[in-house]
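In what follows, chain A forms one complex with chain B and a second complex with chain C.
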Partner chain A sequence: MIKIKKTELNKFIDFLMKDYDVYSPADVGKKAAFKKINSAFEIRHDLTNTHLSPKDVFFPQSEVIFKYSEDGLNVPNRDEKPIAVWGMRNCDTSSLMMLNKVFGEAHQMPDKEMYKDPYWKMKYDNCLIFNQACNEPLSTCFCNWFDGSPFAKKGSDVFVVDTGDHYILEGISDKGKTFLTNYKKGEGTTKDDEEKIAELKKTAESYMPDVVKIKPLYDKMNKIWDEPIWEEISAKCINCGACTFVCPTCHCFDVSDEGKGKKGKRIRLWDSCMFQIFTREASGHNPRGLSTQRVRQRIMHKYNYFMDNYEQHLCTGCGRCVQVCPVNLDIREVIKQILDYKSIKNEDN
Partner chain B sequence: MQQLINKVKELIKNKEVDVVIGWGRGSLPFSATPIFVETEEDAGKLIFDESCRNNLTTYLTKDKRRISKEYKKIGIVVKGCDSRSVVLYAVENQIKRENVILIGVPCNGVIEKKKISQLVEGKEILDFQIDGDKIIIKGRNFEQTHSIQEVLCDSCLTCQYPDAPEHDYFIGTPRKEVNVPEAYKAVDEFGNKSAEERWAYIQEEYSKCIRCYACRNVCPSCYCNECFVDQNDPQWIGKTPEVTDSIIFHLIRNLHIAGRCVDCGACVSACPVDLDLRIMSKKVEKEIKDRFDYTAGTDINEKPAMASYCENEKQDFIMG
Partner chain C sequence: MCNCDNTYIPIPMKVEKILIENPDRSLRTYDLSFVNEEDREKFTYMPGQFCEFSILGKGESPFGIASSPTEEGLKFTVSRTGSVTNEIHYLEEGDIVGIRGPMGNWYPLEKLVGKDVVIVGGGFAFTTLRSMIVYMLENRDDYGKITVIYGARHPDLFIFKEELKEWDKRDDIILHLTVDKPVKGWNKLCGFVPTITKDVKPDPTSWCIVCGPPIMIKFTLPVLLEIGFAHNKIYTSLERRMKCGIGKCGRCGIGSKYVCIDGPVFSYEELKTIPDAF
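The block that comes next holds the complex of A and B.
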């Protein structure tokens, strides 16, 4: 564990930039997102959560898979430096671990290895994550429903605490520990610092909402797939894709060819289960043609289908969807509504 | 708003309506959320105040068209802009006017939360209260008081029709038509800039679009069964957030709502990346007003500007 003065953060970031492309919360138009920075002065320190999630760093909204011309295919290779991300939060690091299950690890079948996504791996595998404790969680935060907490270290390479005048950095992974050892200019930490961290942690945790026990959700959802509750939940949804695009865990994508004459490119881009066209088949038939079906899909994928595949929920409780929804369809309320719902088929719940 | 609740209870009791679409209290500080009221008991959840941002008429069309099929008589609580959307639907044959019961509410403008966010420099707002013409904004370690004018939606600041021009019932006292001398000030100022400056601004703005289509989906006037951006055979537009494609999306949307936009500002509030969507739609609105002397949604007996022809219309855009 080392500490660095806030006034010397720029030196630390410069050191980081020697070996890494550094991303951090920064201004993008009137909002903040994770963006590649050229100096520490671009970092936005005033936010708990950025408005757009960091998934874009590793899984961009649109990404060229290959370019083609008469000369053949050209697959882009990442010859830049590995990625370091400063200013992630626990909900963000957890989301990357979930996405890594899908893209990086793929679930193992008994007799064969599933496809692993090279575009994800070339960015995620060598990255260095600085996970910053949330001193002031927002009123929309609910990571504590999903085993998260403002000071959780899961998924960090380096865990960072802002203690006012200093940042205290703790190496968590081997990669993180080695990096801190190589940075020679940090000061040692004292008992006072540890007390300060404990105090900040206590305050931060006091801001969190009461925990909703999420465990029964999975079984409940197995039973209610065709029940009228989904119409109630989805009535006000207008099926825009704002929630899915700000979500750090939503990862559905489309593949599109953009070409002219004899050359062009194949692009992978974010898609959204909220869109009508998402599941429309070539015949014109659409298995999820109704708004209700699409809202059910989104909620089921988050809290049921992903459990089937990876034994965890596909939600980190970051609250971004709660903040942006134009009709205030609050996913926290949806969870409570499902938990409170009495199935019309099963008397035992 | 007891009068509103009583009226809705009465309508439900007398079976004048099968459902009433209105606003209820939302889950965020001082927020409202659309609710669908079918029982007298649920009518008690209705509210109307400066937080009632959404244009609820959007639920009569698009994917939500099924609501019109499920219920024979639909009641909707409407502000001025919302009632104009219903007029638009009627003149465009999307609904039968007699199937929709409009309950007008006196609107003094609704709040744009993005403006409040700017006033407190992005700090989290935990609560706010309205006290006369003042708004008190509270956060974890701060409290600020501002004039309510500073936080009203831009469309409310230039609104000429605060009372529902078309309604079946009206709750409270109408404000009557308001004269706004500078309704097109922002458009004119923008128009006076050089072409290069305007182009640079539009490019800069739309380069931030994430193509979530929240603007389109909240828009009451955007009700095509299949939007051109969703068509893929032929594909009219690239699907990535590349700025040229985003500009095409927004400009075509602007042209599609020419003479049809009621300036409710729903798109502006819905945009998760705070784009300036109104400058272009207001420009188009002004063009339609100048050329055809038409304002969308104000007269249920008038044919839409883009669906009628008069010999004495200005034709300089054709003749050069």
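The block that comes next holds the complex of A and C.
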């Protein structure tokens, strides 16, 4: 564990930039998102959660799969430095671990290399994650429903605590520990620092909502997927898809070609299961033509389907969808609504 | 780039032969050959699997493989429906296209060895069923009685008409061809596939493979259940809009399954508990 003065953060970031492309919360238009920075002065420190999640760093909103021309296909390679992300929060580090199961590990098909995603792997595999503790969780935060907490270290290479005048840095993974050892300008930490961290942790945790036990959600959903509750839940959804774009775990994408004549590129772009066209086939047939079916798909994918495939929920409780929804469709209320729902089937509920 | 295979990159294939299947020219069958020898060697598949057929600049769409692994090259039948299929219809013999695959699982041919098999198909979804029939006829001694029920809206809309004629002459495969409405000159069956299935009343101890438009599948399954087929002996192949084909892009999800990697072939046993499966 080392500590660095906040006034010397720029030196630390400069040191980091020698070996890494550094991303951090920064201004993107009027919003804040994770962006490649050129100096520590671009970092935004005033936010608990960025408006857009850091999934964009590893799974960009649009990404070239290949370019084509008369000379053949040209697959982009990443020859820049590996990626380091400063200022990530625990909800986001958890979400990257989930996405890595889908893109990086091909968890469903462990033996088959063909199911790994090379575009994800070339960015994620050598990355260095600085996970910063949340001293002031937001009113929309509910990571504690999903085994998260404001001071959780899961998914960090380096765990960072802001103690006021200093950042305390703790190496978690081997990669993180090695990096801190190589940085010679840090100060040692004292017992006072540890006490300060414990105090901040206690305060932060006091901000969190009461834990809702979501374990029964999985079985409940299996039982009620064909019941009218989904019409109630989806009634006010306007299928705008904002929740899916800000969500750190949503990863549906479209593949589309752009080009003229013999020259062009194939790109992949974020897409959303909220859109009617997402599943509409060329014949006009649409297996999820109704808003209710699409809302059910999203909620079931988060709290049931992903469990089947990866034994965890596809939600980290970051609360971005709660902040951004134009009709106040609050996922926390949906979870409670499902848990409280009495099945219309004559079984024990 | 990591050392893993990049499944997003199509392999080049050459259009060897194009067959226009019907008078309105909406259905065409493409015979493709591998441009590179190493691609040919690597490409092993089974009846029921599919590929992403790629036209650079237009995009890609999934199609079931209509050829059998016992044949050379690959065969696809494409109905002109959207922008990619439109472009496929503009192809000429000698053109180069991109193929990704084979993807997905296949018909349970291992389980069918020694068993009687009933095949129920509709329209131009008959592609992977052709693959399966050719495969079984090539390995004829491995299978019991083969019964085929195949329906189309109009006699013109059957695909593989020449082969259907040949199969009709054989005594080791029983063919029931039907069209929706009576048509002058059509002397075979008339009626929707579910109704004809009911009339044919195949032996419920056999295994049944159903593939066709969603509406046909939806109304044929209850008939098969009524006849007494076991839930785990009915298989169907599903179709969904797809992009990646490797279980990531999300659009072909049905319940916790993805049609592209867990399917496209599913047993009724698996499907009956899945929301919006058909």
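Everything that follows uses one rule, which is that the second predicted complex is superposed on the first by the 341 of 349 C-alpha atoms of A that agree within 3 Å, B and C clash if a C-alpha of one lies under 4 Å from a C-alpha of the other, contacts with A are read in each partner's own complex, and residues count from 1 in each chain.
Throughout what follows, a residue touches a chain if its C-beta (ideal position, glycine included) is under 8 Å from a C-beta of that chain, and two chains touch if they have at least 3 such contacts.
These numbers were taken from a predicted model, which means no experiment stands behind them.
Applying the stated clash criterion after superposition on chain A shows that chain B and chain C can sit side by side.
In the superposition on chain A, contact of A:E70 is made with neither chain B nor chain C. In the superposition on chain A, contact is made by A:D125 with chain C only, not with chain B. Chain A is touched at more residues by one of its partners, and among chain B and chain C that partner is C.
Chain centres taken from Cα atoms put the angle at chain A, between chain B and chain C, at 90 degrees to the nearest 10.
In the superposition on chain A, A:E311 contacts neither chain B nor chain C.
In the overlay built on the shared chain, the residue A:G264 is in contact with chain C alone; chain B does not reach it.
Residue contacts after overlaying the shared chain place A:T279 against chain C, while chain B stays out of touching range. Of the two partner chains, neither chain B nor chain C is touched by A:D174. Once the two complexes are overlaid on the shared chain, A:S62 sits against chain B while remaining clear of chain C. By the touch criterion defined above, A:R296 reaches chain C but does not reach chain B.
In the superposed pair of complexes, A:D165 makes contact with neither chain B nor chain C. Our summary of the superposed model lists a minimum C-alpha distance of 5 Å between chain B and chain C. Comparing the two complexes, residues 254, 256 of chain A contact chain B in one case and chain C in the other.
Listed in rising order, the residues of chain A touching chain B in the complex are 28-31, 46-48, 51-52, 61-62, 136, 138-140, 235-236, 238-242, 244-246, 254, 256, 258, 267, 269, 272, 275-277, 290-291, 322-324, 326-330, 332-333. Every residue of chain B that touches chain A in the complex is listed here, in rising order: 26-29, 31-36, 54, 58-59, 62-64, 66, 121-124, 126, 140, 205, 208, 210-214, 216-218, 226, 230, 232, 238-242, 266, 269-270, 272-275. Per the touch definition, chain A reaches chain C in the complex via residues 65-66, 68, 73, 75, 77-78, 102-103, 106, 108-109, 113-119, 121-122, 125, 225-226, 251-257, 259-262, 264, 266, 268, 271, 273, 278-283, 285, 287-288, 293, 296-297, 300-301, 304-309. For chain C in complex with chain A, the residues that touch the partner chain are 1-2, 4-9, 56-61, 81-82, 84-85, 213-214, 239-241, 243-244, 246-251, 253-256, 261, 275-276.
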